[in-house]
Amino acid sequence: MTAEHDTLSVGMAGYAFMGAAHSQAWRNAPRFFDLPLKVRMAAVAGRDEAKVKAAAEQLGWDSTETSWRALVDRDDVDLIDVCTPGDTHAEIAIAALEAGKHVLCEKPLANTVEEAEAMVAAAEKARANGVRSMVGFTYRRVPAIGLARQLVAEGRLGTIHHVRAQYLQDWIIDPQAPLSWRLDKSKAGSGALGDIGAHIVDLTQYITGDTIATVTGRLETFVKERPLPSEHSGLSGTAGSGTGPVTVDDAAAFLAQFRGGAMGVFEATRFANGRKNAIRIEINGSRGSLAFDFEDMNVLHFFDGDDSSTTAGFRRILATEADHPYVAAWWPPGHLLGYEHGFTHQVVDLVTDIAKGADPAPSFADGLQVQRVLAAVEASSQSSSWQDIPA
Amino acid sequence: MTAEHDTLSVGMAGYAFMGAAHSQAWRNAPRFFDLPLKVRMAAVAGRDEAKVKAAAEQLGWDSTETSWRALVDRDDVDLIDVCTPGDTHAEIAIAALEAGKHVLCEKPLANTVEEAEAMVAAAEKARANGVRSMVGFTYRRVPAIGLARQLVAEGRLGTIHHVRAQYLQDWIIDPQAPLSWRLDKSKAGSGALGDIGAHIVDLTQYITGDTIATVTGRLETFVKERPLPSEHSGLSGTAGSGTGPVTVDDAAAFLAQFRGGAMGVFEATRFANGRKNAIRIEINGSRGSLAFDFEDMNVLHFFDGDDSSTTAGFRRILATEADHPYVAAWWPPGHLLGYEHGFTHQVVDLVTDIAKGADPAPSFADGLQVQRVLAAVEASSQSSSWQDIPA
Amino acid sequence: MTAEHDTLSVGMAGYAFMGAAHSQAWRNAPRFFDLPLKVRMAAVAGRDEAKVKAAAEQLGWDSTETSWRALVDRDDVDLIDVCTPGDTHAEIAIAALEAGKHVLCEKPLANTVEEAEAMVAAAEKARANGVRSMVGFTYRRVPAIGLARQLVAEGRLGTIHHVRAQYLQDWIIDPQAPLSWRLDKSKAGSGALGDIGAHIVDLTQYITGDTIATVTGRLETFVKERPLPSEHSGLSGTAGSGTGPVTVDDAAAFLAQFRGGAMGVFEATRFANGRKNAIRIEINGSRGSLAFDFEDMNVLHFFDGDDSSTTAGFRRILATEADHPYVAAWWPPGHLLGYEHGFTHQVVDLVTDIAKGADPAPSFADGLQVQRVLAAVEASSQSSSWQDIPA
Amino acid sequence: MTAEHDTLSVGMAGYAFMGAAHSQAWRNAPRFFDLPLKVRMAAVAGRDEAKVKAAAEQLGWDSTETSWRALVDRDDVDLIDVCTPGDTHAEIAIAALEAGKHVLCEKPLANTVEEAEAMVAAAEKARANGVRSMVGFTYRRVPAIGLARQLVAEGRLGTIHHVRAQYLQDWIIDPQAPLSWRLDKSKAGSGALGDIGAHIVDLTQYITGDTIATVTGRLETFVKERPLPSEHSGLSGTAGSGTGPVTVDDAAAFLAQFRGGAMGVFEATRFANGRKNAIRIEINGSRGSLAFDFEDMNVLHFFDGDDSSTTAGFRRILATEADHPYVAAWWPPGHLLGYEHGFTHQVVDLVTDIAKGADPAPSFADGLQVQRVLAAVEASSQSSSWQDIPA
């Protein structure tokens, strides 16, 4: 801690979709959880001065910077929260770590395995000086997901035989949807695979406590040319004049083998008409099964194979009980949490770990491992073969 | 048994919707279940000779009669299956019982309490001579419903606090739907209340093993005048010229108190747009809860309050396991049964009881008790007061 | 506005469950919505100085008061947010209105119709001076509910035939759950009926744009004696020594007739085992139907009777599109909102109305009307008769 | 037709699970549908005389044979219905076709591609003489599936982007479940892949009207050694002494590319704990999507992308309307059909085609094509590569 030992002073780079979600988390975490450190939303950085000032005002940051370097250089900032597009993650995070700042980096960790490896090296080095780093797979912190992991860890599923996971969206199904940065490989690194496939790789590995050993997959770009956006805008971009090539995948599917023997089937797409943010995970084990769908995110379905066949059935667990992860801090049972709460829980866990000098999870190494799985999928798609992921 | 001691010879009166369902049951029951008696589909009766002959051919009856009296008079008929409209039930069933024939009578038992009382008296008298009678509340024999009763009987729900039941259809929501016999009080006796409300009264009393003590309700006729049908047809009737008054209720709702202390809330309607045959029952007890919807009829939802709060949730039990009622005779787990199977199970239970000289359930007395509940609802609607049902 | 004309300065009385929810709303509303006024969380009041200070710290209020009167007396407070138990609403709200403060009052408006009438009178009087008042039926501001109202208003349901609504909880099903203030008539005024039944009365009237004309119902207290709490605590109270009588209803059920002709069936209970916060509303009209369950609160089910019978079916609308009420300010489609967002939307609407000098809804008069419905239900339960609600 | 020109006389080989389902279909089809030919259940064949006689009595066949050859040789049999294990299909079907009998052959058509090719050749040859053949993919004839095909054919889904299909069962998850003939490659040919994977290959190709061009997959046998059955029994077999090797797959997963460009993801397993007979199919197209689960088999979910975003949502279509395939012959809306009805519809279509001299579908050639897909999956699993299916 730099300024005050009881306060964690945060600087955030980027203020778009993820920036708004992270701001909400930094703002609310101390209101519901007893954090070991106070949180100060010290500064937000962005290149456009007017816009970043407006964002700071809107999102509640104390000050602004017009470059991430300036943010990293500030003495009164203890932690850098990286919410920029993937192509900038490595540079910002490494600089921050080298400057002795803790880092929370949005997923995917980086756009390439090489960058991710450099980040892991920097994190390892910084760790020796008590600097912490974490990659932002926030869906882990949905209570129903936490409960899923807990049930597997307790052996309630037995040996895992099957993992099937889909991340289904439909936001670019219209061929006239403009060519946003997320469809540009140089900025986004990857399409559906890296943006949303990364989540289901992380989630299934997290829930099962296992890792993927080998994969074979196929990437697809259904719409290969799109209108250029009228301005450099994100999801809400409107079409301008001219068209450009889509350089990332619209959809990805892959088979996987987990080290523990489970068969995995994965699918990530932005072309599943009618599915808005359907993260669907089903896990079948020798003693029981689990099913989850983010479109009903407060629910975990659990089949307990130990139940009598007369009364066995998937239980619709509303994960809003005080004994479910994170829930006690919020509302009474049946009062649902939303998308943004995962980000708040992420702040809680990160601040707690920083205060007690523990390594947060998922680490940069975890983010790199996910990256390697994605790279293997991409390679397998190109070579039409199975690709192993190093252990 | 008259003709042969190892065969039950059946005569059916009526051959419309219910006649088709009953025929299917008589035909199939011996194919899947080991019945203690052979079943002979001896004769079907109807007033129109050409039509009844065509029906016998279609439905598989050995012979025809053009009056129910001729059917009752036949020496080679052991059982009369009454599938005619409610206004004829009493006359046919009483004559059959007096002729020493077993009787299966479709619900509602009769159109009035007085008729039903006469039927019960006839059934009691015939019973002394070993003649059996049963009223056709077939939904009791859906496996999921049988399982529900079993769970309550085993105490898995504890003390019952709440019973809520709805029977929702929408087949006359169009004001131009014609005035079929089901909308004519002189034929049908009652509208939604007697036709479908009767089922949820029977089902909830059956599942809970309790009876309704007192009710207050309201009947409503939303469309008071309708086109006359082009001919005397049933559900599929088309409109002719002129209109006539609807003399039965389109919908009924009532509150009830069960003798055991449970609060009941009931609703039966033919005006629930989009609900086709939604028999929805939910029962909440001190130890657990049950929920059922006929539109997903192979499923019973069961909440076991003894489960840990961490993993408690409504279990979606697919009632297709060999240890669920009636299921072992059919298909492997997950191979669903349909509407008509309840009728087959009814035949199985009836033939079994006849063979072993036992009293089938639901008895005519059970049918009368349901009738009394319905009559009390109707009286309460007229008097805007609570009405007690005699124990 | 007192202090600054561009800022609304808020003082909140009470800081328990509702206080936390309101604080979250005041804090977050300006971060996602462009409010016409700045919001200052000026002060929170509570009787216990240590506790109120801790609450202010936790919930983010600038200062504290140990009496609501002191809060009302403060010049730098423009609006009093009443989050105390129902027996204090009238006194606080009337004093605040007389002091020229806007008032947001939690539901139920008051514990008795008489108190509510006095509050409406005070609100009417204050209104002449530009002082605004609102009662906090926040569930109106769940996007799926707003969409429901919109569909009815657009005529997509046609004439409403049926309204069925249930508010099901189970938090006192254990007879050993202690006697909290919510089970004490002198504090809470009413039990399930007033606490949760009030919501479904308001919601169904809001969605249909109609009002209830007459009711008949029954209240029930299943567990009549409970352990006294170890201290004066809320939901989370633990049992102390001795027992005391439960003086409110555990459950309530009633039939209703809407002025527009719809039949209503209502049920509110704290004894529905396994149902945590199930606000279930189904509305059937001549052109279509709606169904909602708060346990899946981002979803509205809509049956469009104009669809061809071949493809008609209840549509599971995920009410997270930018064109759904309030949603554009939040996240992309499929990123769910939670319980607390309704409170934020309430702040948005209230601040907007105050800024433009409009009357917020639901008004105190709306709150009184709900109160009259509840009083009629209670009277009908005592007299076993139908009770009319004045128009 | 041999004996009488207005009657189709049927001989069935095998009388286990499939034999019972087919018998039910032959028995009931004429009772609900106006068939152009009468159906006579002439004879059933099985090796054990006592057992086949008992089966004939139970299932309602007029006579028995103790060899399939005797059945084929009978002059009074017009059609051979092959319900034996897969290793006998080719021999029986070819002999029957050569004898001028129509053939209905259960799926999978054969245990090997070579056998299936021979069967197709025989069918082609027989076809020249007016002899018809059909393979029994009955799930095509579930009304919801027929509706799905119809919606795709009408263009309601636009260009198909994604096909995901799972067939999930759990009946051998217990390692002590005995080694039935279905786990013996010499009898069954294949495990989950051929037994249930065949269905989802057929169904997805049928619904989309497209075919699979290339696949890569993996087969898995989780339990490699099992107790020998006490006798040669089927699903219900109990364990005897000693163990034997499982020679088929417990589970299979594969990626596919359809000729029309859709990405396919398939999974078939007998190890999905809690899933009993979950045939789950989801299809995403540029204009809409479909979803189906056999565990709720009367329902088709349809997302119409042409609906306004305000009211778009997956429609839960209860496929029990008179305008849904096959439904008009059965019950009113909302009165569900079950597993066995698909077999009845199969009989209806087959008899209709025979009477009018049309080629039934799916043909033996269709069965062969499915077989080729399965063989390609198996080959891909062995070679860890993509395998093309000849057009």
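For reference, chains read A, B, C and D in written order, and residue numbers begin at 1 within each chain.
The rule we apply is simple: a contact is a pair of C-beta atoms (placed from the backbone, for glycine too) under 8 Å apart; a residue touches a chain by one contact, two chains touch by 3 or more.
The UniProt protein names, listed by chain, are A, B, C, D = Gfo/Idh/MocA family oxidoreductase.
Treat the numbers as computed from the prediction; the structure is a model and nothing was measured.
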*Along the shortest chain of touching chains, how many steps lie between subunit A and subunit C?*
1
*Could you work out which chain's C-alpha centre is the most distant one from the centre of subunit D?*
C
*Rounded Å distance between subunit A and subunit D, as computed from the means of their C-alpha atoms*: 42
*In whole angstrom, how far does the Cα centroid of subunit B sit from the Cα centroid of subunit D?*
35
*asked:* Between subunit C and subunit D, what distance separates the C-alpha centroids? Give it in angstrom.
replied: 55
*Among the residues of subunit D, which are close enough to touch at least two other chains?*
275, 312-314, 318
*Line, ring, star, complete or other: which one describes how these chains touch?*
complete
*In their shared complex, at which residues does subunit D touch subunit B?*
17, 20-21, 23-24, 27-28, 31-32, 58-60, 169, 171, 235, 275-278, 294-299, 318, 320, 331-341
*What does subunit D use to touch subunit A in their complex?*
157, 161-162, 164, 166, 168, 170, 173, 216-218, 220, 222, 251, 253-255, 257, 261, 263, 265, 267, 269, 271-275, 282, 284-289, 303, 305, 312-314, 384-386
*Within the complex, which stretch of subunit C touches subunit D?*
147, 151, 156, 301-302, 304, 307, 309-318, 321-324
